[in-house]
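Both complexes shown next keep subunit A, but they swap its partner, so subunit B is in the first and subunit C is in the second.
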Partner chain A sequence: MTAPVAVRPPKPRPALGMWSLLAASVVITIVAGSAIDFDLLPLFSDTTRGWFIVSQFFAPDWSYLGRTVAPLLDTLAIAVVATAFGCVLALGAAMLASRITTRNGAIYRTSKAVLSVLRSLPDVVWGMLFVAFVGVGALAGMLALVAFNVGIIAKLTAETIDAVDPGPLEAADAAGANSVQRARVAVVPQILPNFASYSLYVFELNVRASVVLGFVGAGGIGTQIAVELARFNYDNLSAIIVVLFVVVFAIDQISGVLRRRLAS
Partner chain B sequence: MTAPSPVVRPRRPGKLRYVALQLAVLAVIAVCLTSLDANWSRLLDAPAAAWTYGTLMVRGVLQNPFAEPHLDYWLTSFELMGQSIAMAWVGTVIAAILSFPLGFLAASNTAPRWIVLPVRQLLNAIRAIPDVILVIVVMVPVFGLGPMSGALALGVGSVGTLGKLASEAIEGIQPGPVEAVRASGARPVQVIRWGVIPQVLPEIVAFWLYRFEVNIRAGAILGVVGAGGIGAYIGRAFDSRDWDRIGIALLVIVVVTMLVDAISGLVRHRIIAGPVARAAQLERVVG
Partner chain C sequence: MIRFTDVVVRYPNGTVGLDGIDLTIRDGEFVVVVGLSGAGKSTLVRTINGLVPVTSGELAVGESRVDGAGKRALRDLRARVGMIFQSFNLVTRTTVLKNVLVGRLHSTPTLLTLLGVARKADVEIAFQALERVGIVEKAYTRASQLSGGQQQRVAIARVLAQQPEVILADEPVASLDPPTANLVMRDLQRINRELGITTIVNLHFLDLARAYGQRIIGMRGGRIVFDGPPEEADDAVFAQIYGRSLTADDILPDTPVELGPTAT
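Now for the complex of A and B:
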């Protein structure tokens, strides 16, 4: 009986912070639920009209497919051009919004603030603004997406720049590089794979965003959706949605494969 | 004349593939640019228009906020922004509840292969449906116009992303705790409860909060198709070109969004880092 008594470590007490967080989220959920009149009853009770409309969406008019090609190509073109302009601008903005590449505190803080304002407005609000600025059409949609993209890509890229390996930076400094040269040879090669990955991600977002941008008059397939919805042509709408789904799904998959390759 | 240098430089890696890729990307962009039926000349008017309307918006913001009609603009904007945030929160809660089990079903170390593959495809499919489509096809016909439709659309729409992120987190766990729990005779459910969940919960909760931030923006969008929140209000203000009201509503969106982002970001970092990491950080600061 000389064996030492195994002393069990005391069970860690559940942290007070965790419980208060849980309680807070329950309270917020109840408040938020009542603020929007949360009610799942229509799901079961309103079986007459609502589900009838939903069922109409399951009977697409396939003959309409041909007429979706042109606006769909428009949408893709808008997304490509916006991503291209957006990522070029964002690379510059990201350089300004990282401590590594911008040593001037005032410029760095201003750029960060501008980027968070850009990001806090949703894409459709940019759409409304640019429709007001340049009129209805693809140009407004493109500009809206550019403004929206710069905020996202620049933020993600700036965070990547913050985490670069300092070795090449020191080498560039030691060799007497100025800020631009330093960014070009020591930073860009390190962040390029991530930057390309963010650009692809934003391209996926842009194709989806084009749906809602059409509702505010910014061109592409969304305009066609808004028109068909206003006319209650659910069978045509359904065909558009099927095509859109296939295209978005395919782009997501291709982009996902490319991004995984960039990450490795 | 010159002695051959003994140092042989390594050959530069070939650039051909890289250049070809760049040319291909440039070609795609060029094709898109030319095919785009955009009225480029309007681009020149944009700065002037932005300046004019911008000053109008700033003027609206600077008006005495306690006099009508501006008092009403401010109050309505804050109220509807609150509704947008409520929509985003409820949507995120719905998505969190639905996606949590799906995450385990889509992770190859917690579910058999014949379940993982279809569940993953389901999550991918949900991700490919834009929220707006969910609203106009299902939610508005069944639930009518209003924030409830928006919240449900955000909830269903976020399941794809949250489920995928959760499954990736689950696949990245350390096998040690799982083996220990299994060695002590736990059933599969107990393995998940004691071996997997404690490892992934902080990360998954951080994903939920991140998605909440995304959904605040998405919620504002859904107002445009009649799903409540501040989107519809802004849409009407733009229709009547009421720049005072637009300016106030935009300012409310920007300020409230940034505020909620900041709070959510703090909580996220705290959850991910944990008290230990924070203590270590404090130690480093103090000395």
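Now for the complex of A and C:
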């Protein structure tokens, strides 16, 4: 028995768009590199200059460890409080920035715009702004992180809301629920695991970001790093860095385990 | 009483869902709507609670008009008209009880819903609804752990918790296997008889329609082409509704009814 002869399709032409895109990115990279006189040589030729700094780095002053505890706790406290405020505000903002929960087009578009403004500034710039507003200290760092967190968590959560199963929403509508009730009973349970995961992820970011924020005067271990750096106390600095490394690594691991559990 | 007067539904893309429907459904009736996909049976059911807006004509449920109803009026209407869906539309991540409590939202203050507080009286109504569909032992089980038939029973309990005057069911057994489909249909029939709730069910399978319908409405191309008791709905009538002779695909096995000769 012979099968009916079907015409085999010709091999499709290679995807030109793909290759030209790749070529364009190579060209852009080369142009960008030459624009900043990119050169790897100093990495090898100039290292001897900073060698004594490096040698001090490898001899951390362990007696200094005790004095890192208080500012480190400050940093963690800033991160915890900022995450708590940030994620509560972000949940509300996410509801406003999703078509699923906000049927009013004007509110939806305004919320999206506000969130992208929040995200357009890096955390350090928020830190400088709030130091200018409320003065040097932990409050400035916390406010900076809250602004930065709302932007991230609300965007990710709003995208998760856009993808929820619409069935329960329809059921809540058909049962005579109002928009707020519908969001609470049909949307929140569906997005809660993702939302918790984003909040943990942002907490990880906050621990690191609050270190950087200390540089601009927002309190915590970052301020201490800035001070020790200014005094050229590289042995103290390396003790701080070792402690930071251990703490941040531990938090990332714990948060990672929690997030994997949430995903299942 | 539900009364359609020359109701037309035209979707935004130009498709005509209902093409001049005149229909009166008396209180306490058990009506089964049959027809091919796209015949307008789902549109017919969904106009009754305003999930699909009426383009022209008049539609009244009891004393209240559905056409032209505002948001508030629609919510009040939906409080009195419960709905069951093909895909159950439960929030699978939460408990059975919480899903049933969605039926109480229409008379729950929004603040209580936001706080996740359920009033004692509402919980009692939810438990009675679960008892009526015989699934009360699953009250604190996650909805995702139930079988399809059990999930549809939870959906029926959710509707019962609304204490409605009308139950709409849009293809309630299309996702279920034949024996389970019969169980769910029997539940709906029993509830209709015991509580006198007007029930309108869309069905795909003709034999189920004949077995459970007190009145059968056949639809084709957005119009009603048959309206009468199941005894009159013989195979010739179904051939007219479906525009072709019946095949074994139109019949659900294991249904306790006599089938016509062309159906076997």
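One rule holds in what follows: the second predicted complex is superposed on the first by the 248 of 264 C-alpha atoms of A that agree within 3 Å, B and C clash if a C-alpha of one lies under 4 Å from a C-alpha of the other, contacts with A are read in each partner's own complex, and residues count from 1 in each chain.
By definition in this document, a contact is a pair of C-beta atoms (placed from the backbone, for glycine too) under 8 Å apart; a residue touches a chain by one contact, two chains touch by 3 or more.
Predicted, not measured: the structure shown is a model, and the values here were computed from it.
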Subunit B versus subunit C as contact partner of A:Asp61, first or second or both or neither: neither
First, second, both or neither for A:Val185, with subunit B first and subunit C second: second
Which superposed partner A:Glu159 touches (first subunit B, second subunit C, both, neither): neither
Which superposed partner A:Ala172 touches (first subunit B, second subunit C, both, neither): second
Which superposed partner A:Asp235 touches (first subunit B, second subunit C, both, neither): neither
Residue contacts on subunit A - larger count, subunit B or subunit C: B
Residues on subunit C engaged by subunit A in the complex (per definition of touch): 49, 51, 75-83, 85, 87-94, 98, 101-103, 105-106, 108, 110, 113-114, 116, 155, 158-159, 162, 168
Complex contact set, residues of subunit A against subunit C: 165, 167-168, 170-178, 180-181, 184-186, 189-190, 192-193
Touching residues on subunit B, where the partner in the complex is subunit A: 28-29, 31-33, 35-40, 42-43, 45-46, 49-50, 53, 82-83, 85-87, 89-90, 93, 124-125, 127-130, 132-133, 136-138, 141-144, 146-148, 150-151, 217-218, 220-221, 224-225, 228, 231, 234-235, 238, 241, 250, 253-254, 257-258, 261, 267, 270, 275
Interface residues, subunit A side, partner subunit B - complex: 15, 17, 21, 25, 28-29, 31-33, 35-39, 42-43, 46, 49-51, 53-54, 57, 73-74, 76-78, 80-81, 84, 116-117, 120-125, 128-135, 137-139, 142-143, 208, 211-212, 215-216, 219, 225, 229, 237, 241, 244-245, 248-249, 252-253
